[in-house]
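Take this structure, written in structure tokens, and hold onto it; I'll ask about it next.
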């Protein structure tokens, strides 16, 4: 069962990680506020469905939409002017994450919030054990989102622009790609993915204002593990991390579950810094 | 000594002399605020050394101060090591870890450094929180003070002396050839490398020195508070240090000093209304980073600054 | 043979694009070699390979018969190969004096005290024509002054070979003449070997001993300027570009 947990979490990790990877690959910016966007989505989802009575599925969509718009807003006002200066974008997103964390604390309060499950009950898996339906649903939704993302990136024109800009910004603008717009939309998409992961997880693990740091870190570890800029890497990395963390937490120690991630990070940096599928750059 | 030299030394000397007086007229409360401010001056200035002068944004700075505090504190509690020695050992430990961490992730570039230091900081905090058999976790570890007799004035002078010492070291580094290579790497790493500068070594060196300084500051801080908690190596603390450097003015010598005093004093006033200072400072820091990257120092005037940094 | 710099079979790809393909070249001491070719031919990539910014996927590089293929940029600089950049890159927030001093520090030689270095910086700045701009910040310089500064910094590293990447770009005709004069003085007085990329054809043809032509990553022709100018393949490479 832990393995299943691992896989489910892994897939969600992957979505979260792609959100980061996208922004890093296109804009060479690490969005430290990633975790905060994730939990904000969870909070929106909760408030919309619980306080305002919006049907849960719609609440999820709306939350993701809000986060997408917030992401675009962030890009336009804060990130855009810092292009070319890696340092400032790191500082800005870090400060933003702290600001959002504190804002969450003030607005939503310190208690965990949990949006309602979409489905309830449990299913018998291969006759071996029972597993929560909500988690199963989350798994399938995640797979769906991942497939959608892959389709988006590989097949659509938007996806091709993204890949072009991430490989060679100058050339792509010569070819007519509006790279400012691509940046903005990519950032929004990255944020939306964070939000997506957040709303999927929220019914399972309630959101708290302080949980955002762990979320960000997990996403970053996955990105480094899988290789910066590689979508396939995010999926594989996400799964690996999900499984290792869950198995580790189950069999070794629950309190240190995130240490496994960090240890993996260190090992990767020592032996294979460009990750599983990343490109060797200098 | 030329006239330029006399001019250069006189102003700081005046400040130092002024700084000798506070224990005579400030209340215990405000003396405490001054001591805390000096701690932040040490932290912000040493963070500025790597972030402002070599462009490496490390999030492990608070963690290194925590290493200094806990190393020294635990040595004192468990082995009876006197604080002054404990602090030195703590500084050494911080330096070693800084060297190791730096060597590990500096080779791969700025983003990796930031990510790894972020992870390092959080992991350290988790370990300290959970290993409460040794560290007493969030309840806090009581450790002996630096002085056997408690006197805020003594602590004030202690902090003042060490802060001035650190600032002199930083000033010397910035204005030496080492500092020049730091700034070259900050300005344009590729051009620096193509001009013969071993940029990786420069960045690792800066990182190690800066971490050692954080360890030193943390050790002192711990033995002043006499109760250390996992709050010290937290990202919240890291944020404050960063905000002070950013708002004060990254890349300038005086910026972090001003930022530390201003923010620390302001936070005391704001605390009356509630724990809003983090949010407020964050917003100000965002605005600064976006509109006035040179911080308060940049706003105060370029001409004034030029005379000082050079 | 004793060439100063020799490259054999150099190949470099980025993703799916092969920027440099099996390129051989050599520079003899004292020569001025011009590197030309249409945009995207791989010229700057070749420079980046020589100066250590990238490492080739395959092939070898030698400097004075020493294998420098996988050395880092600062090591290559210390061996004696200096370069300027296509888009000029002085240290913007530092003064001309400091910029040049960095080059001297990068040299990493233990002799020379502070005073001697100061003198050396002043001499170099005067040499490139920036004698009166010592304390000016690089970002406040005009384009040609920035290029002079980059030259001073490069010369401060006491190179034996200078890689010039489109130094004349963006200069007006009189500035071009000044630049060419400076290059000539560097070549004769400092006995410099020069490898340069240029689009200003008149200049590079006149000044170079030999020309190497790249197109789409491959070396398509090498020879004296007179031979290159009328070569049909070279002309086609350039014409092909103006079609697109």
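Quick notes
Letters are used for the chains, namely A, B and C, taken in the order the chains are written, and counting of residues starts over at 1 for each.
Just so we're on the same page, a residue touches a chain if its C-beta (ideal position, glycine included) is under 8 Å from a C-beta of that chain, and two chains touch if they have at least 3 such contacts.
Bear in mind that the values here come from a model prediction, so they are computed numbers and not experimental data.
Using mean Cα coordinates as chain centres, the one most removed from subunit B is C. Here B-C and A-B are compared, and the pair linked by more C-beta contacts is A-B.
Centroids of subunit B and subunit C (each the mean of its C-alpha atoms) stand 42 Å apart.
In whole angstrom, the spacing between the mean C-alpha positions of subunit A and subunit B is 32. Multi-chain contact residues, meaning those touching two or more other chains, occur in subunit C at positions 53. Subunit A meets subunit B in the complex at residues 24, 28, 30, 32, 77-78, 81-82, 86-88, 90-92, 94-96, 98-99, 102-103, 106, 213-214, 216-217, 220-221, 224, 228, 255-256, 258-259, 261-262, 265-266, 269-270, 273.
For subunit B in complex with subunit A, the touching residues are 51, 55-57, 59, 104-105, 107-108, 110-112, 114-116, 118-120, 122-123, 126-127, 130, 235-236, 239, 242-243, 246, 276, 278-279, 282-283, 285-286, 289-290, 293. Those residues of subunit B that touch subunit C in the shared complex are 177, 180-181, 183-184, 187-188, 190-199.
Put simply, subunit C touches subunit B in their complex at residues 51, 53, 72-74, 77-78, 82-83, 85, 89-94, 98, 101-103, 105-108, 153-154, 156-157.
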